[in-house]
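So, here come the structures, one by one.
In the two assemblies presented below, chain A is common to both, partnered first by chain B and then by chain C.
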Partner chain A sequence: MHDTDSPPSSDCGPSLLPISPHYAMKCNSLAQKAISARLQSASPTTLCPSSSPGEELSLVTHYTVELLRAAAFIELPTEIRATAAIFLRRFYVTNSIMTYPPTELLKTCLFFGCKAEGHYMRLAKFADKFPNTTGEEVLAAEYILSQGIRFAFDVRHPFRALEGAIMELRRLGDFENKRIDRAHGKAREILKFSPLVTDAYFHYTPSQIMLAALAMADEGLVERMLGEAFAAQGDAAKDKCRDLIQACRAMLEKEPPEKMNDNEERKAIIKPLNRKLRKCRDPDRVDLVALQKARREQAMIKKPKLPVKEDGAVFGGSIADGRESKRRKTETEE
Partner chain B sequence: MAVSPLVDGLPNPAAKAVSSPLKNAASAQASSNGTPVPAVAPNATAAVQSAALDLSEQMNEDEKRKYIKGKKLGEGTYANVYLGQVRNDPSQLVAIKKIKINKEYTEGMSPDAVREIKHLQELDHPNIIKLHTVFSSKDQNLNLVLEFLPLGDLEILIKDTANVHYGVADTKAWMGMLTRAVWFCHENFVLHRDIKPNNLLIAADGEVKLADFGLARSFSDPYRPMTSNVITRWYRPPELLFGARHYSAAVDVWSVGLVFAELVMRAPYLAGNTELEQIELICKGVGTPTEENWPGVTKLPEYTIGNQITPVLGKDHYNALFGTVGNEGVDLLMKTLILDPRKRITARDMLKHPWWHKDPKPTRKKELPRKSGGEGGRK
Partner chain C sequence: MSRKAVTSTVTQPSNATLPSDICPVCKRVRYLNTDMRFLINPECYHAMCSQCVDNIFKSGPAQCPYASCSKTLRLRGFREAWFGDLSVEREVDIRKRVAAVFNNTQDDFETLRDYNNYLQDVEDLTFALVSGTDDERRKAEARLVAYEEKNKADIDRNRKRGREVEAARKKREAEAEAASKARRLEEQREEEEARKEEAMLNREVMEALARGEAGEAAQIQQRIMAQKKKTIARLNGELFPRPWTAAPKRTGPTEDEEDRNKPYDPFGATDLDPTRYEIHETYENSWLDPARTRDDHRVPGYSVQEYVTRAMFEAFAGLGVAIDEEKAGAQRAVGIAGAKHAAQANKTTGIISKTGGDVFG
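What follows is the complex of A and B.
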């Protein structure tokens, strides 16, 4: 996932996942080896064209855009769209797009994104919104996804930071409201797209991403905020911060929000890659429902059933029977 | 922040496991350039049985292999808990909480598990149970590797009046640890929403740890409603009983206040059998919520009070029941039980309260009373 020509590895924010070009290469080559071996074994005369790490990255970006478009179509709240997009990108840090089909994963990301943000949508209702999709298919990859993102379900977004910055700018009183409003709207549009389809979340903190987007919308406002924030410190600290924001901005500018609906250009690049992908993907992991079933069956064979014992004293607090029903209610209400 | 473990080497190169068919690879690549790809029959079982692991499966295996699962410690409706050991250092114990697959819940991973993992992954504090790692086992069950806390919980201590004796200094120590835990949650924008004595577990060294984040959530954005159906009834604040859909960290502070009262009385202070009775008990034991003491309360969706209006009870009332904790202690308790959540004390201000500095000093954790049956400590 890490774009080899993306610049920053400075002392910016902590990245959630240990990513490096080396890592993406390893993931890519691992998938290549396994899949070509499998394809060869099934049909020794097959040539296996495999996607390169760069091609995989283009595809991941493309499917992240697809995810955002689907999320907009089913009218999910902004935070959930963003969380789902980041889940997809994190997932493909340690998984190859040749192994798990992105068209399936993106639905699972959206459904699980809802769950992770505490926005419980009925599975059947969710599946109905997509053509030819069953609830079973959406759920089939849930474990694969949560394992792939190492159970890190909390994603911090820059949206709240932007609201704070706008309040701060109004408080300073140096700018016309019209100018602030315009920058607010534009920065919000950028945040809803650019950081989600680039590696910005892996390299920068939410506030740094927010300032980069605000700088794209209206640089003067960010300058004013930096002046205010670093008034008591030297220029060196301020310059360091500004450099970081500029580096992040350069990354965001590669994917401006206008690209969200610019299908033609993207499709032209993606079409040949997709064709290639269809030939080199893992044949055993295309049908995730079957995979899920096979996994469950495998587990059943190995494990004899344990006798059920009544024991109230449970670590983590006794869980009374009444509580289960209470929780069920919570899920539907929230 | 949760940091995923790095995979350093590839312990089991994928190609080796399925190497024999590769013999043909060289000739195949040379000859079949450009020919259409014949369909390969998908075989999910092959994927499962294959010894080749992809990167995230390897990471999962690595996490799983760090621990040895031992005997079952307990069983609940939502999870089973097992004792575990660290493979490289068997003297180190952990608790492995295995989330059960709920047959009735057909929507995938249980929201309780998602909430618990989401928040515990991010919170690292001496008074909050530590989540070491999460892994999934073969049958796709979730396993949470948690800190092992062998000395029961505060409820056990409170209830065992025959064997466990404790005083103000001990209460102060426990309250201090609880307040720091809640402060840390709130500082990180997390509402616990189920604070009660049996969710306050005790470590081998006497440290109290807040556990069970199955109902936790992040602070809501303005205008986004939350459910009011949270927090065990006896510890539920009036705003939730009145059905408020917008609320703050003050809900947890009310629960902390009632744990405080219970530690002193050694019985729940407001133990209602129904929600209506709970409201009644609050009216009698704290005061009736009205527009005077809580502007806006009558507009809450389920606002109901009995015919009798009890004015907010004064210090005399609390002194009679809780006087043993001293003047400052009573003051702190009263501030946690302020009806209007906007006026209720915050966890941060609780920590700044003068009570902590008054005599007696809080007991050192190693000297705190322990549950009977265990060795060491005071009884």
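What follows is the complex of A and C.
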């Protein structure tokens, strides 16, 4: 029992909490409050529109897709793409998209994903691959990102789990190889996209995500797998697991892998949102490079040192003082 | 003539060793005489069996039966050799004799240098006796005898003093031995006494109970205990556990002890065998085949089985985990507390880290 239930959720890191409407709303309203106050103080005449939580979510999804496309563009391995995408989503769980610009963070996430997965890439080389990007820009948000994801850099992916499941299915020998191969390919495509642009990583364990993807590809295979896995544990546990997988599948089906290249529809929705975002974003944090510089400078200014205490202070004031007062006392007595 | 001049210690150096099986004189074999002993005479250190010694020397002094030896030996002089190597035996004998004559101690000299010179002289003389040429040996022997003659009184005095010191040392040791023995006896006696007292207390309680005195058994016990307070206090100081006040006896070791006695298990007796799958020897996987079969794909330290184990683990791990259920409480706690904190600080970043939630929870 231990081995199979102990591993944490695929995304145990920063969120702990799945993105819930409740939480997103809090985050969103906090950002709104802060930003609108700031905007009004800067130019009281400006009307400040703000994104709703729903709009924010679709923006985050959009930029996650953008991230995946960018990763494909610079030909990163699958795991790094996935890690970077999850970093971005984790970051925007506790930060509003209005606060930090997603376009910059997207590149930082990719760069940092390379680091986290042990795939070294020189910063200059990385920056060269994107138009109008300097290394400084990529690095500016790095610490903010680390902080935002609470320094939890480990992401558990379902990719290897899929390989394990396919090996097990082959070993069972109940299905034709062709069928397994087809399901394998399709499930891989799904895993590379759907869980990353939905909240699946926050809600389900890697094996559940994997089985959900496999279920989308071929329901029969999953049924066989579950029968095998829960042979010793009874139907109740099996049914519960099946429910979880179905729920996860429903989530994944909202973003099938075909949507990856379905630009037109997405752009149509995103364009007005982006326009709105540009108006309501935090003016202090638009230029992350300048922000970082300012912070560094602030850190450089040394705080005035506290006056050094005398050694005698440890014992509660110097001895001389006490003597003085004593003497005075005797004087007065006289 | 030479036989007269040479005294008992000054003998030819010999390289002989003690024979182990065959007597060199009568050629008897140990196989037939299991109790055969070999004796030597410090005159010439020639070994022969005890029967030969009896036969040859019983009727008085006779010449050594060895062909090349012309020494006259007596029955009295024969003894068993301590060392198998007879040259060592001889050296030890010589040293004993020299030490008996040159028996000054450091206290007899004014300076350390004098003492060291004396020791040097003695050693030179000893060496000449042990392994010098004939001439050297003779000279050394002459010196030894002359010294003995000259310092007879001193030698005797020193010997006496040495004996006294030795006697004192022996006495000291005997005393220490006796003291420790007495201590042991005393301990035994005390133990015995304590046991007796305990038995007596027990008996008294039993009798009181049997008489059916007023009060409960525990009260009776307490009363008797109060009477015998002094005795019990003394008893408690002994090796014995308290018979009355101690907690009820546990049979076997305590839980804590049991825990400590167990071999260390880093996983706390967790069963690590997978329950939802079994690892098999081979899995059909065309991607893994090269790593398994082709030599140019093989890398030291990489095991295909390792990959397989990991993949299988990940495929089945966490299937029974329902995150939404598990985190239902956590979400509320962190979310609201974090939001509140952030609202107060007017900040939108690092909300959660400030609330002190567990990063890796």
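Observations
By definition in this document, the second predicted complex is superposed on the first by the 281 of 334 C-alpha atoms of A that agree within 3 Å, B and C clash if a C-alpha of one lies under 4 Å from a C-alpha of the other, contacts with A are read in each partner's own complex, and residues count from 1 in each chain.
We take it that a residue touches a chain if its C-beta (ideal position, glycine included) is under 8 Å from a C-beta of that chain, and two chains touch if they have at least 3 such contacts.
Not measured: the values here are computed from a predicted model.
Applying the stated contact rule after C-alpha superposition, one finds that A:R160 touches each of chain B and chain C. When both complexes are overlaid on chain A, the residue A:Y204 reaches chain C alone and has no touch with chain B. Applying the stated contact rule after C-alpha superposition, one finds that A:R122 touches chain B and leaves chain C untouched. Contacts of A:A268 after superposition on the shared chain: neither chain B nor chain C is touched. In the superposition on chain A, A:T99 contacts both chain B and chain C. Of the two partner chains, chain B and chain C are each touched by A:A152. Looking at the shared chain after the overlay, A:A290 reaches chain B, while chain C stays out of its contact range. Once the two complexes are laid over each other on the shared chain, residue contacts for A:A31 go to chain B and to chain C alike. Greater residue coverage of chain A by touch, when chain B is weighed against chain C, goes to B.
Residues 14, 16-18, 26-27, 30-31, 33-34, 94-96, 99, 144, 147-148, 150-152, 160 of chain A touch chain B in one complex and chain C in the other.
Those residues of chain C whose C-beta lies close enough to touch chain A in the complex are 270-277, 280, 283-285, 308, 310-324, 327, 330-331, 334-336, 338-339, 342-343, 346-353, 357, 359-361. The residues of chain A lying in touch with chain C in their complex are 1-9, 12-14, 16-18, 20, 22-23, 26-27, 30-31, 33-34, 94-96, 99, 144, 147-148, 150-152, 156, 158, 160-168, 170-171, 202-208, 210-211, 228-230, 232-233, 237, 240-241, 244.
Those residues of chain B whose C-beta lies close enough to touch chain A in the complex are 1-7, 10, 13-15, 18-22, 24-25, 28-29, 31-35, 37-38, 40-50, 52, 54-57, 59-60, 72-79, 81, 95, 97, 105-109, 111-112, 114-115, 117-119, 121-122, 129, 134, 136-140, 146, 149, 153, 198-199, 201, 211-212, 214-215, 217-218, 221, 226-227, 229-230, 232.
Across the complex, chain A meets chain B through its residues 14, 16-18, 26-27, 30-31, 33-34, 36-47, 79, 94-96, 99, 111-112, 115-116, 118, 120, 122-123, 139, 142-144, 146-148, 150-154, 160, 279, 282-287, 290-300, 302-303, 308-319, 321, 323-324, 326-331, 333-334.
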